[in-house]
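Paired with subunit B in one complex and with subunit C in the other, subunit A is shared by the two complexes that follow.
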Partner chain A sequence: MNWQAHLPALLLAVPLLGAFAAPVFNLGGKTLRNVWFITVSTCVFLVAFALWRDVSVNGILVYVMGGEDFALSLPSGMKLPVRIILEIDAMSAFMALAGSITSMAGAWFSVSYMDRFSGMSRFVSLYFLLTLGMLGMMVTGDLFNFFVFLEIASVASYGLVAFWRDKPQAIEASFKYMVMSQIAAMLVLIAVGFLYGRYNLLNMGALGSVMQMGLVEKVSLALLFSALALKCGSFPMYLWIPDAYAEAPASVSCLLVTVSQASLYGLFRVAFSIYGVSLTNSVVAWAIIILGLISMLVAVSMAVVQHEVKRLMAYHAISQTGYMMLGVGIGLLVLGNPEALAEYGFTALKGGVFHIFNHAMYKGLLFLTAGTLFYMTGSRDLNKMGGLIRRSPGTAFMFVIAAAAIAGLPPMNGYTSKLLIYQSSFAVHPFITVVALVTSVLTLASFVKVFQTAFLGPEHKALVNARKVPSTMMVGMGILTVAILLLTFLPGSALSNLVEPAAKALVDQAGYIGAIMGGAF
Partner chain B sequence: MTVGNLPFLVVGILFLIGLLAVLREKNMIKIAIGITIIESAVNMLLIVLGYRLGGDVPVHFLKGEVDAMVLPTPQALTLTAIVIALATSALMLSVIMLLYKHYGTLNVDEIRRLRG
Partner chain C sequence: MWEKILTGFGYWDIYSWLIFLAIAGFFTLWLRNSGRQDYKEGTYQDEIYFSGNDVPEDGADISVPADSAYWGFIKFFTPYYDFMAKFHNGLVQDYVGYFILFIAVLTTLIVFV
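Take a look at the complex of A and B:
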């Protein structure tokens, strides 16, 4: 067995080591700790990239924690998958890649952004634990493990949201987030218990292979759906998002975007791989589509009136999540209908999945630029900014790239993914496309406003001693800018190498189950 | 004597009590207690799911051959969930402590700087 076979375990082991060794390295001084911070986060990215390459060449990877074979053979000849399994298909690897890129960018950014605050060894530990929880949710093949990683990510993010504990608002946001997300986590656990009580199985693939719709399954689906929709910040339960995103340090908000997408991934995994074709009626798909539409419209109209830059961006994050739910929801709607799937369903799915990656990149970048504005001016209020393009043209340039991407201006990557969603949603109902287009226009309006007030115009009086932007912060933003530009200028190869395998893996329920159950039953 | 669905009923009632506390109470400590009750209810659900009437310890070298044994997996799940619940309760109480320091009150209605 060569070392590459252990990539899935390394993906979790490296951030775990990073988290617990951080206080030790902190003893060696600030520089050593920062070097450790950046080295480990770069290693996580390299492992995720190698894993993604591996999966796109060799197909689904199944890794068994602490054993050779995951199946338990009973004397009666019955076989059950019992051990802790990591199952990585193209979709998981795709998500892990997006997550590790934002984690790396956030780490570079944090080095000087958080420099003047104490307690940095704890910050680094929590940051890596958050990364670990997020990556774990993406690669696990076991429902209970999903819950455990969800909780690791949640607990780490409560701590990080409240990191500036001298600010009452940060503590308040953390408490609000904690109450809501703890109830959501318990709903997930109840659903896991119900499914276990029904099938004696916790493995997602094995559950998918025996799933038959009944009352218990419907109740667990409803519980999982509402809990994960809360965690990813969809419409009726989004209230914690603006508070938590706005009050957390900028590099943490950048990572929190992908953490909530990990919950979205969990929702899709449950819908496609566990329930999949047994979802014969379209209630769930329509619920995802409608919640997506409402989130898009409501959140963007809340965003337009904000003058606090990070709250504004947090509302946009909710609205963009709506696009992903819309795209993937349409894919789910026509899952049982091969003709419609080939005609427009798969396009929608590709659009939704591509939007996940795009969103992770440009929303991460937007939060980092908001952090830079805060770093320069000491304020998050747009009314106290102005003329910052002369202070830091680099930041202004990167902000424009990210704003153009989120508004879906051609030829940016956000345009490619939104176009795929527009095209396909039109086949379902033109109204959906209209809502998506209106949202896009309002997004553009809102970011034009931010750019105009923060970067253009006369310099605000209070900004004569605005601080210079340190180079490591520029590197953190630069990583995400390069990613956006690559996706923009190579849309064809991004779609065929990155997005299509992921969308195919999501549809291919039999493949996901087969990798676990292959020949055992 | 058969107990039927009684344990599940208890779990349901406990869960609702916890949820009610979270939704209706104004005191943050009581909200935290509500969440702890929900967590206990869920742990009890897992244990009840794995219980077999008259079941024995699921360890062969302790009990030898037995007719029925309780399921071991839900107990392992519950242990993990208890540890997680403990960590979150501790964190939640310390956050409440910090909030009390900042605002001088435990009433959630008076802690409202985040609006819009």
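Take a look at the complex of A and C:
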């Protein structure tokens, strides 16, 4: 067995090592700690990329921890999988790749952005623990371990949201997030307990192979759905997000976007891979679609009136989650209808999945540009900004790229994914498309406002001494800008190599189960 | 890599779009260049026209703040925003209440529908 077989374990081991070794490297000084920060985050990206390549070539990877063989999910004649099992299909690898890119960009950005603050060894440790929790949620094949990784990510993010603990607003935001998140986590645990009590199983693939809808399964589904919808920021449970995203350091907000998407991934995994064809009625699919629609419209309407730049962007993060829910919800709606799935359902699914990756890139970049504005001016209030394009044209350029992408302006990557969602949702009902289009118009309106007030116009006297943007912050933003431009100018390649395999993996419940259960399925 | 993206109802081809942008850009520049030729940089022609008044020294005095953007839109939707302000009241006990209500509705729908 070559080392590549251990890539799934390395994906978790590298950030774990990064977290626990950070205080040790901090003893060697700031430079050594920063080198460690950048190196580990780059290694995480390289491992995630190698894993994605491996899955693209060889199909689903199964990695068994604590067993007699890393690749044997059913050892010694056992009929059910009992070990800690990581199962990485194209969807998991896709998510891990997106998460690792934002983590790396955030790390580069943090080096200078957080330089003036104390407690950086704790920051680096928590940052890598957050990365670990997020990646764990994406690659685990076990429902209980999903809960464990969810908790690791949650606890790390409470600390990071409240990192500037001298600010009462940061403490309050973290407290609200903690209360909401812990209730959601307990519901996940109760649902996992219900399913374990019913089937004696925790493995997602194995659960999918025996799932039969009854009262326990329905209640578990409702609890898992509610909890993960809260964590990903769906209406009406998104209320913790504007506070948490606004008060966290910008690089953390950038990473929190993909952490929230990991919960969305969990919701999709539960719906498609565990319940899948057992979902005989369309309540869950319609619930995802309707929540997506309400989330996108309500959140964008709140974003338009914000004058605090990170709060505005936090509302947009919620709004964009609505697009993903809409696209994937339509895919789930027609999962049992091969004709509709082929006609428009799979297109919607591709649009929703593509939007996940796009969103991770441009929303991450927007949070970093918001952080740059704060770094330059010392304020997050747009009313106090103006003419900053003269101070940092590079930041303005990258902001325009990200803003055009999130608004879905052609030819940006956001347009491609939204086009797939618009045209396929029209087949379900034209009203859905109208809501999605109105949301895009309002998104464009609010980013025009940000660009006009922050970057254009005459320079304010108070901003004459605005700080220069350090190169590492530009590199952090540059990583995400390059990713956006690649997705924009190579949309066919991105769809066929990145998105389609992920969307196919999501609907292939038999493949996901078969990789674990093999002949026993 | 270069293929069109089929949506099931049409297609998207970024390269056709870029060609269109290039042509539109060419004509835009051509129109711009066919305007007045007597512009001189650094002369009175560069001065800001501020309704005949003196231009304030601080740019902040002539900037439109973010709060004033889309004033009419916000004014029209005032009842909606008043309601939303109550919904986003910042009280965590209310947030938990919305969450519990959501769970109850969703569980009812999933179990009984």
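The working rule: the second predicted complex is superposed on the first by the 509 of 521 C-alpha atoms of A that agree within 3 Å, B and C clash if a C-alpha of one lies under 4 Å from a C-alpha of the other, contacts with A are read in each partner's own complex, and residues count from 1 in each chain.
Following the convention adopted for this analysis, a contact is a pair of C-beta atoms (placed from the backbone, for glycine too) under 8 Å apart; a residue touches a chain by one contact, two chains touch by 3 or more.
Note that this is a predicted model, so its numbers are computed, not measured.
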{"item": "Which superposed partner A:169 touches (first subunit B, second subunit C, both, neither)", "value": "first"}
{"item": "First, second, both or neither for A:64, with subunit B first and subunit C second", "value": "neither"}
{"item": "Touching partner for A:281 - first (subunit B), second (subunit C), both, neither", "value": "second"}
{"item": "Per-residue touch tally on subunit A - higher for subunit B or for subunit C", "value": "C"}
{"item": "Subunit B versus subunit C as contact partner of A:139, first or second or both or neither", "value": "neither"}
{"item": "First, second, both or neither for A:498, with subunit B first and subunit C second", "value": "neither"}
{"item": "First (subunit B), second (subunit C), both or neither touched by A:360", "value": "neither"}
{"item": "Touching partner for A:193 - first (subunit B), second (subunit C), both, neither", "value": "first"}
{"item": "A:271 touches, of subunit B and subunit C: first, second, both or neither?", "value": "neither"}
{"item": "Which of subunit B and subunit C A:474 touches, first, second, both or neither", "value": "neither"}
{"item": "Common interface residues of subunit A - those touching subunit B in one complex and subunit C in the other", "value": "175-176, 179, 183, 243, 302, 305"}
{"item": "Contact set on subunit A toward subunit C in their complex", "value": "175-176, 179-180, 183-184, 187, 215, 218-219, 221-223, 225-226, 229-230, 236-237, 239-240, 242-243, 281, 283-284, 287, 298, 301-302, 304-305, 307, 343-344, 347, 381-383, 386-387, 410-411, 415-416, 419-420, 423-424, 426-427, 445, 449-450, 452-453, 457-462, 488-493, 495-496"}
{"item": "In the complex with subunit B, residue positions of subunit A that touch it", "value": "144, 147-148, 151, 154-155, 158-159, 162, 165, 168-169, 171-176, 178-179, 182-183, 186, 189-190, 192-193, 196-197, 200, 202, 243, 247, 302, 305-306, 311"}
{"item": "Subunit A-touching residues of subunit C, taken from the complex the two chains share", "value": "1-5, 7-10, 12, 14, 17-18, 21, 57-60, 62-67, 69-70, 73-74, 77, 80-81, 84, 87-88, 90, 92, 95-96, 98-99, 102-103, 106-107, 109-111, 113"}
{"item": "Subunit A contact footprint on subunit B (complex, rising order)", "value": "19, 22, 28, 31, 35, 38-39, 42, 45-46, 49, 71, 73-74, 77, 80-81, 84, 87-88, 91-92, 95-96, 98-99, 102-103, 111, 113-114, 116"}
